[in-house]
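Have a look at these structures, which come just after this line.
Both complexes shown next keep subunit A, but they swap its partner, so subunit B is in the first and subunit C is in the second.
Take a look at the complex of A and B:
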């Protein structure tokens, strides 16, 4: 089995937000929820980089570690998913997540945030694959169709890579060697405790 | 002559080391030219020194601007390790101490025996407020403990669906009961603060072991030093738990970000488990631990001998007042 990861090549990302739009459209993500976002650091200064960030599907995921109801599980492809029927919307996963990935449909409305929503790596949820109930709760299940996440597929500059960790790291290393620079794989140290050295 | 020799080196130096000073015109497409920035270094630095990697997004959500917050790891360690141990030792340890105390010393009896005559200790408002706070506290405590320990203790027994139902309704109860709890704490402060100001007798009370550990009954007013401690733990602890709790109910209120939410949770949970431990002792001594004590909050009428032993000064004061007041003003018996 593959070990699925995301890698954002920040030297290629042009902050077009196509990944964000693709994600919202593919999964019909409601207002106020962003499973993926583009963060620009050093905006307008030397060293400006844009990084597309979503759930990184961590090794030893912090969300799963702190969840009071143990609603998280990891698939054979190392994708971190959760069961919305078990989630109580306590918000703990957001406090623990290094990447701000967990989202809640009713933030600020006291008494309940609603069921947490996050990037599923286009792998749906615990429901039967590619059913209406799965789509309503978690969005499309492209992995079950043999496809990779749409955000990475849509990326116009191929900055965002999705797929087996070893394969996308190899692609990134080759790029860095060819062009002679690279700011590294954002979030990899935090999420996977590895780095990509060219 | 020397100047001419140095010139190529100067150009090279400027191009490599200071592209920012001379603008982009001279900059070569080398590593440094785009502004040296390394994901790995930034992540490691923020992780070791605290802080986070932040930027700008187009979303109208301040939380989305945080790219990586290593503090999540520290909060995870607090929640899974520190809180579990502190809470486990405080609550479990207190239960063990109380069981050992009950087995060792047994129920503390009224030494002079029950007199059969009673004296009013708490009026209806005081008792109603006490039980409102107590009911809220017990439910808040149990639902709160469930969030930290339920996953390990209750989930394997009842199964995931039932556990989610319990936790979900528990969370709703926890959020809504916060309001009567806070109201009760404020009322409690107003009703009893005048009798709970610490004074010199409290030191004497502690020296004598409070009649609980030691022998004999040190003099005490309406509340002895132990009860004063319970009062201040309830009001001050309750205030801290209420403030931190409201920050958690209204997440990311105002300028508060994820760091403030983590801090609010840490304050809320640690004070809560310590309060639960303290209240276990309070519940014990007010029920099975001492003969005659429950009546104070039950009927409000306590046995005169119990009152004389535990609150001698208060009884004297009450009897003096009774003697001075006209007969009709006495509470009905």
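Take a look at the complex of A and C:
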């Protein structure tokens, strides 16, 4: 079984935000919820680099470890999903996540946040695949249709790669060897306890 | 980074339902609590559905029902000029999803933020929904019939009182080719040359500059071909934000060839962040930088001497000017160290092929045309034109700005750059099936037919200046604006006064645009909802001259109508209005007689066939709708780098270049493959090869202007030759290779031109002349030299001229701008304005420049209305260097006032303190509108059509200053002051 991962090539990412709006478009994600975002360091200075960030679907996901209602589960493709019918919006996962992925629809009285939302790797949720109820709660289920996450598919410079971890690592490794530079598979050690050596 | 992108905590508080009615100023605590309460009630009503999807559940637009068929339709992104294919999934007439188009050789599935969110445009609740007019200052809904009839009546009233030249027709780079052509034809039938579009304010100087150098005003190579380059200079452009998908090719080239990627710009852009070398220059010093590079090239003998000898005229005059730009002088004027420019020069001249990429930073200058000419000369001197990996890769701005330029939305030409002289009018009259005399009668006077109109950058002057200073019967009285923003032209305070003074203002657009709210009009102002290109079919020409066919995805939404339909209806309404006034002029019958009319509108296919019959000069003649549709159908058969259809492609497209990049010679049946790379002598003309176009005479000062010993592959003439005419065919003994039918057509055309010998490759409607020339391996337009010296321009050899509002008044005496003059029916001030610079500089010491953001496009009304984009960029801002900010006590994210030296202009924006701009330089994006001089104008939009995000327009601050050749506006160098608000 494939082990799905994300890999963002920081030497290719130009912060065009296609990944962000592709996600919005595919899942009709409302204003204020950002399943994916682009982070830029050294903005406006030499050494400026951008990374597209979302839930990395970690190995032994920390969010799952801290969830008091055990709403997280990992699919056979190693995609980390959660059940919104169980989620109580406590926000523990937000504190546990090394990537700041969990999103909440509101900040209300007494810290109520609403059901947590995050990147599903375009794999929907626990509802039946490709149904209205699944779409409404979690968004589209491209994995069930045999497609990959739209953010990576639409990445303008093909910086953001999604797919089987071995395959995208190979693509990245070959790219780095050919061009002679590469700042590494950002976040991999944290998320997957591995890295890509080129 | 307070104001960029998703601004963490605060963005989170803005619920989907909460943004309606907000101004760019954000939300105060009170209004936030109010809207949060409303959202809560909505959630409660939707029990069982997770609150975050409440909005999606209401619209359910993204849901696929997999049990029912999904139709996939291909169209093109309507934003920049890269030409990305958009694949739409349509179910039950609703656009439910966007899928990557892997097979497109241009974008290979990818998009930028804008392209990945275009589906929103046809769901957008911020669209203009029905025709409206201002009644006593209030927007009122009206029917299409009433709108058409009232508009036509007012147009005819203006025509009767002031003549046809008092109506201004502003067209659009968002038109399809067919829409653009139809609009140009309409304006010709109206009887004026006042027709323009966005090319005026983006690449008019490029078109003028490169056309005056080697023949055609277009990108010579393609985005894909940049993969072949070993050195690329990107100067005055930020494609990482303006053309993100182009970076796929640029970065691939950089990686595969380990190419040098040099970015020359006053601003350390997102493109510069990926460069191997970044050169920071003082804004407005492009020519000294180029001459500084050439100085090293000539000094070291790195120029391509054989190329210059065979294919370039006048390089010696360039040498004389370049000799003045030694490294010390270049550093004094531009701020660039000599050693760095030497490194750049060596890479560009010796690590070939090299390409030069430019955009608005080059063109939007008082010296725009001269800049372009200098860039072209650098390419010529190093022999970097007309081969793979080389060339002037001019990235154009809008999805069809190339096509709209090609079809003559320009005050100076009829479609396909035929110009405005009698031969041109006779040619197009013949194509349209009307008499030349009947067309001439439509104009105010016969002279006006050949007189270029007033460029869109100066419409306000044509309204406001005293009548005797505008060389036509009367001032402008009415404006018909199709698909053009009102905040993209400089001097907005004066534009506001001009719009107030008009008798009639018509805005035909999917959105109200700034034209609907900038002014204080109370009557005679109409908004017409126009369908986007996703709601109609047609072809569009991307920057690399590839023409792509977009298929309608959904029917026009709300009461929107297509451009084709509205023009047809307006023509009929004008006929009725003329009849009511007993005027003899008529439109609809003659204009539309060649077209198939289906469902009340002409089909784009039939319009394109008329284009095929007339646009020989740019080689649109071979680009039939059938061929284009086949290309879209078999996109996967084209090579990524050469764009050529591979051997496994179906026979009817095999060997074609993708999108038949013009020139695609002859008739469609002749199956010319298009020309991927212009002026490429390494290929035969029948395979897309070519030569420089001799359009400036045959000799000058005793030196030939025809190529010497250079010719395209397999040419029967192994030297230079002039353009093909019947006379030339006869001299070469090739005349009898024309068929009898071709000869008959030519003879008939010759009667209007004073003899068949004068019929040329451009005016021969049979295509025979082109066919015979190509059969002998010759370019129909001839084989000439490119011009390093363009003697018909104000500066034949480009020379440095300080900006009108310069931060270096000490250089004015040595490098003054041009004296005051006249042009395009208007006065054109130069030195008299520049003379104020020393005084202005004391009070406005910061150089102001402007540019694009990736999330928005053009005037931004469409993209700021798209909630997926608007969320990413919620505030207008000014980039200011930390040193300047510290001196003014300005903190990052704080409100500031930016003030300009004309019209007491001011803008309230947020400060983005960053080293991206150098000390003494400020940058503002140009996509914002809806705030004007500190006033929030949201209430002035018709209800429900206000863009999500509003903000001050940079062009409220920008100032006077025009290129002498095209009246391009100066938006890149002016002066301003910034202080904390």
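Going forward, the second predicted complex is superposed on the first by the 194 of 198 C-alpha atoms of A that agree within 3 Å, B and C clash if a C-alpha of one lies under 4 Å from a C-alpha of the other, contacts with A are read in each partner's own complex, and residues count from 1 in each chain.
Going forward, a residue touches a chain if its C-beta (ideal position, glycine included) is under 8 Å from a C-beta of that chain, and two chains touch if they have at least 3 such contacts.
Predicted model only: the values in this text are computed from it and were never measured.
*Asks:* Once the shared chain is lined up, is A:43 touching subunit B (first), subunit C (second), both, or neither of them?
*Replies:* It touches subunit B and subunit C both.
*Asks:* Per the contact definition in the header, classify A:17: touching subunit B only (first), subunit C only (second), both, or neither.
*Replies:* both
*Asks:* Tell me which partner A:195 touches in the superposition: subunit B (first), subunit C (second), both or neither.
*Replies:* A:195 sits against subunit B, while subunit C stays out of touch.
*Asks:* Classify the contacts of A:126 with the two partner chains as first (subunit B alone), second (subunit C alone), both, or neither.
*Replies:* Neither partner.
*Asks:* Is A:51 touching the first partner subunit B, the second partner subunit C, both, or neither of them?
*Replies:* first
*Asks:* A:136 contacts which: subunit B (first), subunit C (second), both, neither?
*Replies:* It touches subunit C, and subunit B stays clear.
*Asks:* Contacts for A:34 in the overlay, against subunit B (first) and subunit C (second): which applies, first, second, both or neither?
*Replies:* In the superposition, A:34 contacts both subunit B and subunit C.
*Asks:* Once the two structures are superposed, pull the subunit A residues common to the subunit B and subunit C interfaces.
*Replies:* 11, 17, 32, 34, 37-38, 43, 45-46, 48-49, 107-108, 180
*Asks:* Residues of subunit A touching subunit B in their complex?
*Replies:* Residues 10-11, 17, 32, 34, 37-43, 45-49, 51, 53, 62, 65-71, 83, 85-92, 94-100, 107-108, 110-113, 180-181, 183-190, 195.
*Asks:* Per the contact definition, I'd like the list of subunit C residues that touch subunit A in the complex.
*Replies:* 1, 4-6, 11-16, 18-19, 36, 39-40, 49-57, 59-66, 97-98, 100, 108-117, 119-120, 240-241, 244-245, 247-248, 251, 254-256, 258, 268, 270-271, 273-274, 278, 854-855, 867-869, 871-872, 879, 914-917
*Asks:* State the interface residues of subunit B toward subunit A in the complex, per the touch definition above.
*Replies:* 19-20, 29-31, 34-41, 43-44, 47, 53-59, 61, 63-70, 72-73, 75-76, 79-80, 146-148, 150-151, 155, 160-161, 163-164, 167-168, 171-172, 175-176, 248-253, 258, 261-262, 265
*Asks:* Show me the residue ranges of subunit A that touch subunit C in the complex, using the header's touch definition.
*Replies:* 11-12, 14-22, 24-34, 37-38, 43-46, 48-50, 84, 103-108, 114-115, 117, 130, 132, 135-137, 139-140, 145, 150, 153-158, 175, 178-180
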